[in-house]
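Across the two complexes that follow, chain A remains constant while its partner is chain B and subsequently chain C.
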Partner chain A sequence: MMLLPQFDKPVHDAQRTFRIVLSALAEPLAPLALPVLPPAPQGLLPGTAAVLLTLLDQEVSLFSANLPADTNDWLRFHTGVRLADTVADGDFVLVRDGETVPQLASLKAGEAAYPDRSATVIIETARFGTDQVEGCGPGFAAPRRFGASALSAAFWADWWINHARFPLGVDLLLVSADAVAGLPRTTQVTEI
Partner chain B sequence: MTSITIPQRQHWMRILALTPPERLAEALAPALSAHPGHHWLRRPETGLVMLRGRAGGTGAQFNLGEASVTRASVSLAGQIGHAWVRGSNARHAELAALADALLQCPAHHADLMAGVIAPLEAELVERRATVSRAAAASKVEFFTMVRGE
Partner chain C sequence: MNIEYNYGFLDENTKRMLRRGLLKAVAIPGYQVPFGSREMPLPYGWGTGGIQVTASIIGEADTLKVIDQGADDTTNAVNIRRFFGRVAQVQTTEKTGEATVIQTRHRIPETALQAGQVVVFQVPEPEPLRTLESSEVETRQLHAHQEYGLMHVKLYEDIARYGHIATSYDYPVMVNGRYLTSPSPIPKFDNPKLHQSPALLLFGAGREKRLYAIPPYTDVESLAFDDHPFDVQTWDSHCALCGSTESYLDEIITDDAGSRMFVCSDTDYCATHQQEAKQ
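On to the complex of A and B.
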């Protein structure tokens, strides 16, 4: 087993990445370039590695199906994250490129008193586009067009169900090799 | 894989952690200059650990107090070295982690055990004996008091 290092400057690099992730959720469906890319372990895109190192710590759990053992070790060594047994237990759910996005209703959606106790889904995508949906809602000065190669028409139909449960529901981060886009539960989409 | 057991590794990690950093740097200098290629998996970081004791050695557990601890992890020559040392001396943790990695290499294990760890252990025993003697010499016997025997 050979562990890879994490960010070169763990504190500052994670802060810079966190700022970008915040901006991505404040301006949904606008991909933003990630400022620092750590060496990616097997089975993860560099962008995903950056987002995971930034968001995970020993107080949260992550669910990911079939993550390579070395990558599990890398995540646990650098972040201290717990690995969830089922998709319904994960505070964070990682969907790698090529995997099917789980039904959003099957994930932690929070409680009426604590809607923040919901899952955040991190979905890897090969590329972003402008060909699938038009989004509007909080954070949109004007409707924005968006697409991601990892998302299908069935996903966008599922997204409506998630949006309708507001204030409950899950939030999404879409990550490519070097960029991140946010899709919070407040965003309304129409297919084009 | 190598046939290093956990107690063996605990043994040398203990000696590395208890040796003063200046002495450790001096003892490891020849071995480390021969192996410049390493990368840090976890640069030294200092935190607190809670020390717990038992009343009378066997009673209920209680929190004795917090101690600062510095840890580091390094990848060197295909091995991963870890170190946790008391105090906030980052260089001490780095040296101990580098030494832990080298000690796991079959090619260097025997040399380092004989050339570095054994002398450091002897010094550790000697320091402990000196302190014990100094403490014993200052012991006061109160012969006038009833001691219960």
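On to the complex of A and C.
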């Protein structure tokens, strides 16, 4: 089995991807097109592959349930990431399309003195929409409407709990085949 | 000798560490994220924190502006601009409006910032409580408990002693109503520009090994009291070169007989203003 390559130009492609991810988190719930899409291994969207290649290395751990063995090998080879045994240990938690989003309170939320030691959750979604919630908070010039096919009403109820724990909590990156939207713990949502 | 560095000087592992730190900094506005600061080819105090932040975000599509106290043409600014021109092959500019990334020491440009721009601040002391409490363990606890009485007492003592709050730069702010944050040693004149800024504001402290951020459109409130509201510096005179009455002015001594003039600290703003006046 041949291993799929990573970014064509690892340094520049990761930089361009990071800037989009940074903008996505700085201005939440506004999906942005990812500039570079590497060939995606089995079971991952190309957008997810780009985000993982940009953010992961041997200093962090990733939790993902039932990732195909080839995809595991691809991740380990290109990023050197450690795989976490339980969802509570992951610095990054990957939720692939179709999987259930874990209870956010079960993830690493940081400590009062170090709220940055918290998980970043990457959730794959087939589609973005504007039909679920309206968000406001830091990064919103005006309230914005948002929806993602991977997220349910139960998730948004769970998000309230996550938001209310500020400064503790987890931050989300929602990734489609070719775009990313951020949802930091500061974002307040109301269902519409 | 021609030494080839990795793009942007830093190695990719360091960049990823900084990038992950920046994402958490944006998610927790005003909170100081620790990071493994690297040795840079210039000493601490010359902007190593800002340079590392810039190096971790900059790319070939960027246009970089670097200012030192508002000026594009001072040693620190020229050197940092040339450094990134060399190690990151980016375009550089002195025009605030043309820049995508602006690295700054101690000023925010007078020209209004735009959405999509990133401002990187060089920070000597990221901890606003440090002069009041020397222990990092203690200040972490104070932030954790949002216990900022010390700072209010300090400002109150100013009022008791001088009749007004005497802090004129590095004036402490509350970010998003939660974290007490140092705006870096910008004059308090620039503090209002932090509030609901359309640009993303990133802060890097190299010696102290801390990153923090203020996302766009975030509430930033300068501390004050109801009966002593926050106000900024004003001048009786205007800029001697461009005539501006709205910009932050530097006082320049012009001879040894006590003659002086006031000029804009922001050189790009001043030059643009002079050009406009000529036309």
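Note that the second predicted complex is superposed on the first by the 192 of 192 C-alpha atoms of A that agree within 3 Å, B and C clash if a C-alpha of one lies under 4 Å from a C-alpha of the other, contacts with A are read in each partner's own complex, and residues count from 1 in each chain.
We adopt the following convention: a contact is a pair of C-beta atoms (placed from the backbone, for glycine too) under 8 Å apart; a residue touches a chain by one contact, two chains touch by 3 or more.
Remember, predicted model here, so these are calculated numbers, not experimental data.
Superposition of the two structures on chain A leaves chain B and chain C fitting side by side, clash-free.
In the superposed pair of complexes, A:145 makes contact with neither chain B nor chain C.
The wider contact with chain A, measured as residues touched, comes from C rather than the other of chain B and chain C.
When both complexes are overlaid on chain A, the residue A:15 reaches chain C alone and has no touch with chain B.
Residue contacts after overlaying the shared chain place A:186 against chain C, while chain B stays out of touching range.
Once the two complexes are overlaid on the shared chain, A:3 sits against chain B while remaining clear of chain C. Of the two partner chains, chain C is the only one that A:115 touches; chain B does not reach it.
Contact with chain C, but none with chain B, is seen for A:59 once the two complexes are overlaid on the shared chain.
When the two complexes are overlaid on their common chain A, residue A:171 makes contact with chain C while staying clear of chain B. Taking the C-alpha centre of chain A as the apex, the lines running to the C-alpha centres of chain B and chain C meet at 90 degrees, rounded to a multiple of 10.
Superposition on chain A leaves chain B and chain C with their closest Cα atoms 10 Å from each other. Comparing which residues of chain A touch chain B with which touch chain C, the overlap comprises 10. Chain contact summary for the complex, chain C toward chain A: residues 6-8, 12-13, 15-17, 19-29, 31, 33-34, 56-61, 115-116, 140-141, 143-145, 176, 178-179, 198, 200, 213, 215-219.
For chain A in complex with chain B, the touching residues are 2-6, 10, 77-78. Those residues of chain B that touch chain A in the shared complex are 39-43, 73, 75, 78, 80.
The touching residues of chain A, when paired with chain C in their complex, are 10-12, 14-16, 18-19, 21-23, 25-27, 54-57, 59-60, 112-116, 118, 120, 137-141, 166-167, 171, 184-186.
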